[in-house]
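The structure's right below; bear with me while I get my questions together.
All chains are identified by letter, namely A, B, C and D, in their written order; residue positions are counted from 1 within each chain.
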Amino acid sequence: MTTTQSASAPLLEDTILEPKAGGLYRHQHAGTGLLVGIALGFIGWLLSTSFLQSNESFGSDMTTTVTMVSWVIGFNIGVGSFNAPIRWLLGHDQTHHDELYAAGVGQGWKRYFKFCTDHKVVGTQYLVLVMVLFGVGGTLAMMIRTQLLSPHSTFLSPETYNSIVSIHGMVMIIATIIMVSGPFANFVMPIMIGAKDMAFPRLNALSFWTVVSAVPCLLATFFLGGVPAGWTTYAPLSAQAPIAMDAFAITIITFVVSVTVAGINTVVTILTMRAKGMTFGRLPIFTWGSMIGGALGLYAMPAFLIAQSALITDRVTGTSFFVAAQGGTGWLYENMFWIMGHPEVYVILIPPVAAVLEITTVFARKPLFASKVAIGGMVGIAGLSIMVWAHHMFTTGWAPNLGGPFMLTTELISIPTGIIFLCLIGTLWRGQIWTRLPMFFVYLFLWNFIIGGVTGIYLSDLPADQYFHGNMFVTAHFHYTLLGGAMIGAAAAVCFWFPKMTTRMLNERVGKVSFWMIAIGIQITYYGQFLEGFEGMPRRVANYDPQFLHANLISSAGAYLLMAGWVVMAYNIVSSWRSGEMAGANPWGSKTLEWQVPTPVPLENFLVEPIVVADAYGYGETPQTSTQLGEGHR
Amino acid sequence: MKKFAWAASALILAAVLLGAVGLGFSAQTYQPPAGVVIARDLGRTILHGKSYHHVSLDLSTYPDSSGVQPDGKPIHPGGNPSWPAYGPSNLFQVPANSYVTMTIKQYDSGEPLNNPWFATVAGTVDGTATIDGKRVHQISADHIGHTFTMRGLPGVGSKFFLNVPLPPLPEPLVANDAKHPRIITFSFISGPKGRYVWNCEFPCGQSVAGFGGAMSAYGFMSGYVNVV
Amino acid sequence: MTLIDEQHGASATGGHHESVEDRDLKERIALWLFIAGDGVFFLLQVFSWFYLKGLNVHGMWRGAACSVSAACTLGDGSDLTHIVPKAASWHSLTVAGLVILSAACIWQAEVRARKEQNRGETVAWVSLGLVTLIAGIAVLCLQFTALPFKTISGTYASVFIFFMGSVIAHLCLTLFIGLAVWNRLRRGSANLKWQLQLRLARVWWVWVAFSGAVLALVSTYFA
Amino acid sequence: MERPSTAHIVRGILLLTAIMTAIGVALGILLPNHIMPRQMSADSHAAVMTVIVFSVAAAPVAALVYAVGLYSLLRWRHKGAEQPTIDGAPIRGNNAVTTTWLIVSTVLVIFVLGWGLTFLSSAATPHADPLEVNVIGQQWAWSFQYPGTGVESSKLVLPVNREVHFHVSSKDVTHGFWPQELGIQIDANALQSSSISTTPDKLGSFSVRCSQLCGLYHAYMQTKGEVLSQKNFAAWLQANGASASSASRVAVVAQGRAHS
């Protein structure tokens, strides 16, 4: 139904709220979250030290766990995550004005520091958080590369080095999981499908603030003795680790909550909140990517949850899931971990890949090539990815006879992945290649992801894997896919949607400088690491045989250039955000819905309910000006 | 152009921040108060008709790293009472290809090894060590205080491997200042120039397999030997 | 842009008109997705049980460990002192029974609500369901105190206690939902949506009863 | 903008593809032998061969993708920063192309899989009279036992042209037993023995490194190995405390049972 309301109706954000609208929310923001979190954390620490410390073997682990859990709960109480559930329990449902307040009406910039249910605010919050996390992860990466500048370097002690390696890994994994599904699946996706918000706005805010509460636990590990076990935290090594490991586990458990609610939210939104006429056939590819990624996360994360819960019970209560002396086995952890681990790689990859396809259609001014096949490809990747986990365990000896089957499933994945490339080059074919900044990153994605894919085939085959497993070749391979592929796809997405999210254009010239630094940096860095791998340097070593020196020098040099590139890009984002030239509603002449709404996007996005009459890829078919909108929309 | 100037300054700022963080992490490395202990020069000695530069090193293994050594110096500042530690330092320096005589005073108690093999003396001159005056090639794997196990970093002295088991004190006598510590003496020919690593292979830490705690924290039962 | 009419109660950011049925559809899909995720967690618990039992590393599936795991040394098997006794089966089975019972009550309540729109009877059935649920939790806590082994007594003990922990967690979440539904029905604040919410609660309740029962059977008959 | 004939475009793209394939194949054939360690067993040879063959097989595919990307840049690039005034050709798909693509990639996958399975089966074939070696990992050192001789060593010494069965286990956490030049790798798991076997076919020394992060001194958990002639191997066993009889019994392949 199209409302006949005139468009000059007052915007929702101009509603005059009742004086007490929002209730407790009025007094809650990140600051109170911090206060309550610290307070509760301190109380938890006090109680546990006084009552549990007596237990010699587990006392300190109990204390750490209790403290971290109290902090997480306290922070979420303070920021307002639990207001609505409690009110629901008590039967005092939020009124319309309460919800408008929660959506940020009448709070200006302050709403970015509150438990805000507006999907655009959450998306922006995510964007900033992701940039901060990448800053942290990148800093740690620089520590690693600096240590490896000389074979027997003493810059870091092996202890510090190992924990830096672990935390670099985990920070980057968390950041890459949320780097597209956070900012863009939240800000852009609902508008793309013609929705007014996500299906569960409060869960949306919850998913963000839980990550925020988890990050301090992760960084606290540096002050609790460090996590020496790598981001995989293989047991029993992680069962042996200092109390920092408990903080790590709490981080993961909290993060699992975040990804789960975010995944549910995304899937439900796309299934139920599409505008009139937005059939599945007309759904833009990026929304497909978000949905598949979200659904896959729902499958993957519980495995991580049980792995880390079992680990923490081993450490805190002395159970023995992973301690061989008491009947446990590391194989159990490794299975649980990789049942999560491999799907999780595609939770990271699929949304950016979909974003890249989306962007390609706009800058090639062409319909997406074989869009149904592309969707099939992504579904195929997701489906296969849950059957391949044991290829990470070819050399663990847990089940020698499963080598064949898992080789099969693993190599099958290269078929749907190949389809993605077909759709990409098919879309470029005979296009009008408009080489603006996002397109630069699309081409870089194309280049890197091929390399990442091909090197993956070596690893999927046993004879080569017996040599490459656990060596720098693997490191280079997954950095080419996750950084060179996924992160570059996310960079393209940032450049593409920046005008819509911030109302300003990203500076093109500075952007191109950062692009070339990043592009060249990646090639040098990981060429060096491939070389280390071929020559036989193991992963995660603080010192190495001088025979690997030249390869490490290459890699470190490239890494510095790469980091510099990201810094320039970050600077560009910040400065353009503050003072970039204003962008119109649709600077790229795109046909997807998010570009048809005014910029800045009003609360609830659409002044008039849209009616969709075509998919967003009618380039060259419908005239330039027209969009996928029907006459219902101005 | 102005934008690029700002970008450059952003880069400089980032570099400064990275440097600061780097220094912070670097400062986390444990620095023993005694610094690098340099082996004492004892002139030259003849072994199998070959003349070697002769040096000696004196170490001790204490049950309580938070305590002090007989000379009153702290063993391991900020150490944990239930964690053992080597003293006076965890960093040593010996000349290359020379005859090194090491004397270790063992003040700690003992238990069985994870891997009985480390109860065997390996890599010393004629494969023996002298424990309280008796020359032995092997001691009981069920009663080990600590071990002193040393080898080269990757690419250094690949032929060099040294392992000497240290017998325990009986439980009641254990103390940082026990009157009669077990005294273990042994000699070995140091390898070529380079950086070597030493550690204890006896599970004297906490947690799984006794290799957590002191064993996994750099500076207690682990360190480096610079061969110059 | 039509603003919301208050009868329709909670809606997303409030601004848009959302029918109770739309809301219910979203919540139902979300619930099933959540159950799917929880199902993975559940399957992995069962997997750990049989994997550890099958591997029986170091003969410690039901072999008692040394007093504190921190002191455990590897290799010689000297930690193996005696065989861990099985936990009494009646606790687990009673808990399972009670949870199934409470699920049945909620089911009844939902039927009452849908068929007869009878708020009074519905509240009664929900209350009954809550009571049985709380009884189940009580028995579970009792079982914790009555276990013939400790957390450090090998893998059988480990997984057994882990099962109990996960069941407790699920029951507490269910209790929260149950209390909310009960309270809202009582106060009448679950206006138009009350039997729809009840239906959601029922779905979750049945899943918890099913998974809990399976865990109880596994840990009782496959020790 | 002029629309060149498809044939014309295809010719251009194929040319680019051919050039890049040539480069890829050349690198794929030349580099691995050059930068990977000395091959001292059939397994390490298989590893290098796999890299070479897969590189050659993957080169055309990668080259094609790159070629289309490059060609589209060179030929269809829209000059200038402002939005193109005309759109690209409204091509929504091409079943023939898609099908061909699918068939080709499936064929490649089958080939790659077959390659791996053949290796698996060849690795499974048993040999007569293998040498048994127990590999023991612990934080942070390797030790190697030679059952029947009482010899235990920190170096891994092996006879040439004789199959070796490694029984790999760990005393504490998970380690990765990785004798690089022998091209095999398997984890050492606490209290669990895993087996792997290989047949060294060249004399000389190789490095054994730990491939699983195992804590503080993971980086230093490495040692040297050496492949000796069977005579020297027996001598080495004796020099390390084996009795003459046990040394010869274990070290020397019994008459007639020797292979290659």
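The definition used in the following text is that contacts are C-beta pairs under 8 Å (C-beta built on N, C-alpha and C of every residue); 3 or more make two chains touch, one makes a residue touch a chain.
Predicted model only: the values in this text are computed from it and were never measured.
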Highest contact count belongs to chain pair A-D
Taking the mean of all protein C-alpha atoms as the centre, the chain whose own C-alpha mean lies closest is A
Rounded to the nearest Å, the gap between Cα centres of chain A and chain B is 44
Taking each chain's mean CA coordinate, chain A and chain C are separated, in whole Å, by 30
Distance in whole angstrom between the CA centres of chain B and chain C is 53
So, in whole Å, the Cα centroid of chain B is separated from that of chain D by 37
Residue ranges of chain D touching at least 2 other chains are 171-173, 190-192, 209, 215-217, 219-220, 222
Among all residues of chain A, those touching at least two other chains are 57, 158-159, 228, 236, 240, 323-325, 329, 331, 541, 543-545
Touching at least 2 other chains, the residues of chain C are 57-58, 69-75
Residue set of chain A touching chain D in the complex reads 158-159, 162, 165, 228-230, 234, 236-237, 240, 324-325, 329-331, 364-373, 395-397, 403-404, 407-408, 411-412, 414-415, 418-419, 421-422, 424-426, 428-436, 443, 446-447, 450-451, 454, 457-458, 460-464, 466-471, 508, 531, 534-536, 538-545, 588-589, 617-621, 624
Within the complex, chain A is touched by chain B residues 3-4, 6-7, 10-11, 14, 17-18, 21-22, 25-26, 28-30, 153-156, 194-195, 206-209, 211-213, 216-219
Chain D partner, complex, touching residues on chain C are 57-58, 74-75
Counting only contacts in the complex, chain A reaches chain C at residues 3, 5, 9, 12, 56-58, 88-100, 102-103, 117-118, 196-201, 260, 263-265, 267-268, 271-273, 295, 298-299, 301-303, 305-306, 309-310, 313-314, 317-321, 323-329, 331-332, 335-336, 339, 603-604, 607-608
Residue set of chain A touching chain B in the complex reads 57, 139, 142-143, 146, 151-152, 154-160, 164, 225, 228, 236, 239-242, 323, 325, 507, 509-510, 513, 541, 543-547, 563-564, 567-568, 570-572, 575
